[in-house]
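Next up: some structures, all given as structure tokens.
Two complexes come next, and they have one chain in common, chain A, joined by chain B in the first and chain C in the second.
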Partner chain A sequence: MSTLASYPTRWRRPPFIASAYWRWAIYGGALVYLVLAVGSVEVNWARLAEGLQRGGRLFAGFLTPDFVSRWSDIVIGMQESLTMTVTSTVAGILVSVPIGVGAARNLTPLPVYLACRAVIALSRTFQEVIIAILFVAMVGFGPLAGFLTLTFGTIDFLAKLLAEDIEDIDKGQVEAIRSTGGSWLQLLDYAVTPQVMPRLIGLSLYRLDINFRESAVVGIVGAGGIGATLNTALDRYEYDSAAAVLLLIILIVMAAEYGSGLIRARLQ
Partner chain B sequence: MLLTIEGLTKRYGTGDAALNGVDLAIPAGEVVGLIGPSGAGKSTLIRCINRLVEPTAGRVFLAGDEVTGRRDLRFMRRRMGMIFQEFALVERLTVMENVLSGRLGYVPYWRSLLRRYPAADVQRAFATLDRVGLLDHVDKRADALSGGQRQRVGIARALLQQPDILLVDEPTASLDPKTSRQIMRLICEVCAERSLAAVVNMHDVALAQMFLSRIVGLRQGRVVYDGPSNGLTPEVLTVIYGEEDWTRSAQRDDDVADEDVHGARPHGREPLAAVG
Partner chain C sequence: MPVTRAHDGLPEWRRSTPRQALLRWFGWLLLVALFVFCWRVMTQDTIWAYFWDAPNQAADIAARMMPPRWSYIDALWRAMWDTLAIATLGTVLGIVLATPVAFLAARNTRPSAALVRPVALVVIVASRSINSLIWALLLVTVLGPGVLAGIVAIALRSIGFIGKLLYEAIEEIDKKQVEAIQATGATSLQVVDYAVVPQVMPAFAGISVFRWDINIRESSVVGLVGAGGIGLNLEASLNTLAWSQVSLILLVILATVLVSEWVSAKVRAAII
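Right, the complex of A and B next:
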């Protein structure tokens, strides 16, 4: 022991990049690149001004949304979208649960694990809109393509997150059920399900939200639903009808958000 | 011998042997304490017995049936009840579901899935919960219980397997001194009542000596002591744990008042004969 005064009074957290030379080189380089990159973006100011005007008219449409003239189209679009959303979420859950379980390394033998991971990786390669275009090409315009697209999207989302969740569960509870002589299915039922169920339900509700919003997007590329209605309205410069559609989408998304929040709060 | 272990060896990954040729024989109804420094391989030994950890070499027999090297592990595991330091209850299931999960090795999948256990199992579960003093908490979720209560659920779950032996890994390490004694007493009592054998991992030598008559000392994966608990002289403790002034640390606190687990629940013991 030496006297207190002999110890240093300064202490700094070690920097993320230890060498000062590399630190300055990397941070400086990143800054220079950022400036150059921003400078290289060409902005067509004339086109932007025109677009702003159009945006202004769309915004004005919001103040006078027209629910009436295209009401029957809107109703059909909404029905399609909601049907698409619910069916694709349910189908997606049914398919993704077994895949998710298969892709959890702590439950499955290596070959099954690799196969399920491959399915997930493959389905994650493509963005939803691209998948929608592929399905439209395969099964034609309409909500069937939308249903298939959203089901696909649900699988990669849920299966991956479920698998990760299962890999994170408390090992002790698994060991305990294993040590009672429980079979693999019983292990799934008693040690895994109780630990992942609340989150699985939460994720499914969240995916229901996402699927509704996506249903509007994939509609634009021809996969039916409210997106198709919106697209038609925009093509015809009927901004007041388009505004009505957007307002309805916002309303439904907010209602879904509120509803799923309530359910999730009750779960935990 | 109820449990016979021959030349049990376990090597994890590339590391040194966690167990190195362990031989052990436990007759029916005997409760054995397993002590040793941290990393000696106590948990590994217990887990190799029911093959939660796969042994590298050696053989384990339960009542003459070989546990090692067989595929229908389920039928061996259900004969060995396990009790854990961190209780290892399924937190989101009720106390009753946790206790009934001790029957998983016996009931078909649909029964466990629908929670439709045979009447005899349900009755036994109630009786066992009464025995461990938790009859008032049947429908509570496991995560709503205190540490001592959770460990009693863990004990009830193991007992519901109607095992030949209990494998107990540091049952009291997460509990306060008084609850520790209550839990140790409970384990010893239920073993005596059912002539159950047990292997109990312990860090607290004084507690082990207080409740158990036979102690096995493990050091670096080898059995370095196997004998009566009153034979744990300072010299023996040095062999097991290494150099230390053992005469000073051995504090006797026998006179601390500790209530019986069932002090407040006198009817706790009655259904025993039925549970048997």
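Right, the complex of A and C next:
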């Protein structure tokens, strides 16, 4: 039985990265980078100490939010944000659906596919706020610039996911409609739409949610909405009003998420 | 099956009953009405002359952007380093804060359903509903302008994202492995260590890299409100109408985003 003595009696869990060479290279590289990065962060301790006091005031503002004194500004901001959300989602869906269909490889010829994928990639690259800056420069301050930004941003999300969904559909139904002699449009109407509709509605509701959250941000660069109200309140050190705005945003997002969850659960 | 009688008396298949069709049209009508109403409220103060002038403005800006001022790149190296640091350190801090929240929120690992789980869920929702730019706006007033505010802003926004996806991954684990470890008499922490962690590790790594990729984009704009990174240069260039610098900055951001997306796709492909 002496041969069994060399057999390990304690189990050791396998490492996450199997190759020892890569494991040490990745961990070592990450450690060196983290040390360098942390070292390069400049912290102004005096300002930080002063800031903690302000942080306390901000926190106190959250406990006693002031909805009253800036109420009219909040109403205007919310009105802009909510209308921007609805219009940009609807317009975004109208633009994304044809692009999404065009970007599905099983329905369209290669040149159309590549063109639609290029539009999606273009819409993906930049953060919404940067797009908002460019639109503000083009059409001026106000919610119209925000509407254009969010519509543009919707394309990336909706068209991409819709295209992936269409590529995953059941081929049997497509062939069945094709064998009856249905045209391309009839194919779309009777074979594709019924299969992707529930998911399209789900994605649209989810995007409605995202667009509201984004509408709170584009205001910071002048594209209208509740973000402008929030920015002004913070600039004036009115932390209790800012807290009121933030609480309203969180409430609306939670309500929207809950509502869209209910609708999606019913659809599936 | 909805069937109607056609003119010649033969049954004809329809997709929906007349009642369903009517309801559907009513739904569409409501949606269109809502859209028109929102559109009118939104554009009541719009100056349309500016809108119709937009193509000229766009052409003007494009002309000013070309060619990019390449010599400005020297001022951007440090800004890019800061941007990467904000994204990476923000993601790391976010992971550190989100992991316990996710374990407290998951139905199969939470210590208490009545007290701890709702609190963890509220943390996740609050973090998710506030955009990182707004977090940055708040933190700049508290911590002062600089990279630190950016890092904390990115971290706070990441908690919700990582926390939500991670707790969903934890809830989907295989129960048998948990029971096997429990059967050996392990404590609850050992169960988490040997049965839960190995199962969620691939999902966890994938989520983290995915969020890092998103954070690269976000960290390029937190500078607009003073939280450090290349956004500071963007803000300064915009304020001085130096469009040739703006175009260079946009190109640099584009290159960074493409590289980070490539890295993230590679890492995720290696994990899954």
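Note that the second predicted complex is superposed on the first by the 215 of 268 C-alpha atoms of A that agree within 3 Å, B and C clash if a C-alpha of one lies under 4 Å from a C-alpha of the other, contacts with A are read in each partner's own complex, and residues count from 1 in each chain.
Rule of thumb we're sticking to: contacts are C-beta pairs under 8 Å (C-beta built on N, C-alpha and C of every residue); 3 or more make two chains touch, one makes a residue touch a chain.
Keep in mind the model is a prediction, meaning the values are calculated, not measured.
K.L.:
Under the stated touch criterion, which partner chain does A:33 make contact with: chain B (first), chain C (second), both, or neither?
P.N.:
Only chain C is touched by A:33; chain B is not.
K.L.:
So in the superposed three-chain picture, is A:254 touching just chain B, just chain C, both, or none of them (first/second/both/neither)?
P.N.:
Second partner only, chain C.
K.L.:
Counting only touches as set out at the top, which of chain B and chain C does A:95 meet: first, second, both, neither?
P.N.:
In the superposition, A:95 contacts neither chain B nor chain C.
K.L.:
What is the contact status of A:201 with respect to chain B (first) and chain C (second): first, second, both, or neither?
P.N.:
Once the two structures are laid over each other on A, A:201 reaches no partner at all.
K.L.:
With the two structures laid over each other on chain A, which partner does A:177 touch: chain B (first), chain C (second), both, or neither?
P.N.:
The answer is first: A:177 touches chain B but not chain C.
K.L.:
After superposition on the shared chain, which partner residues are touched by A:115: those of chain B (first), chain C (second), both, or neither?
P.N.:
neither
K.L.:
Quick check for you: in the superposed arrangement, does A:185 touch first (chain B), second (chain C), both or neither?
P.N.:
Only chain B; A:185 stays clear of chain C.
K.L.:
Looking at chain A, does chain B or chain C touch a larger number of its residues?
P.N.:
C
K.L.:
Indicate the residue numbers of chain A shared between its chain B interface and its chain C interface, in ascending order.
P.N.:
Comparing the two interfaces on chain A, one with chain B and one with chain C, no residues are shared.
K.L.:
For the complex, give me every residue of chain A touching chain B.
P.N.:
On the chain A side, the touching residues are 170, 172-173, 175-183, 185-186, 189-191, 194-195, 197-198.
K.L.:
Spell out the residues on chain A that touch chain C in their complex, using ranges where they run on.
P.N.:
Answer in residue numbers: 13, 16, 33-34, 37-38, 40-44, 47-48, 50-52, 54-55, 58, 79-80, 82-84, 86-87, 90, 125-127, 129-130, 133-134, 137-140, 142-144, 147, 213-214, 216-217, 220-221, 227, 230-231, 234, 237, 242, 246, 249-250, 253-254, 257.
K.L.:
Please give the residue numbers of chain C that touch chain A in the complex, ascending.
P.N.:
31, 34-35, 38-39, 41-43, 45-47, 50-51, 54, 57-58, 61, 81-82, 84-85, 88-89, 92, 125-126, 128-131, 133-134, 137-138, 141-144, 146-148, 151, 194, 198, 201, 205, 217-218, 220-221, 224-225, 234, 238, 250, 253-254, 257-258
K.L.:
Which part of chain B faces chain A closely enough to touch in the complex?
P.N.:
50, 52, 73-82, 84, 86-93, 97, 101-106, 109, 112-113, 154, 157, 161, 167
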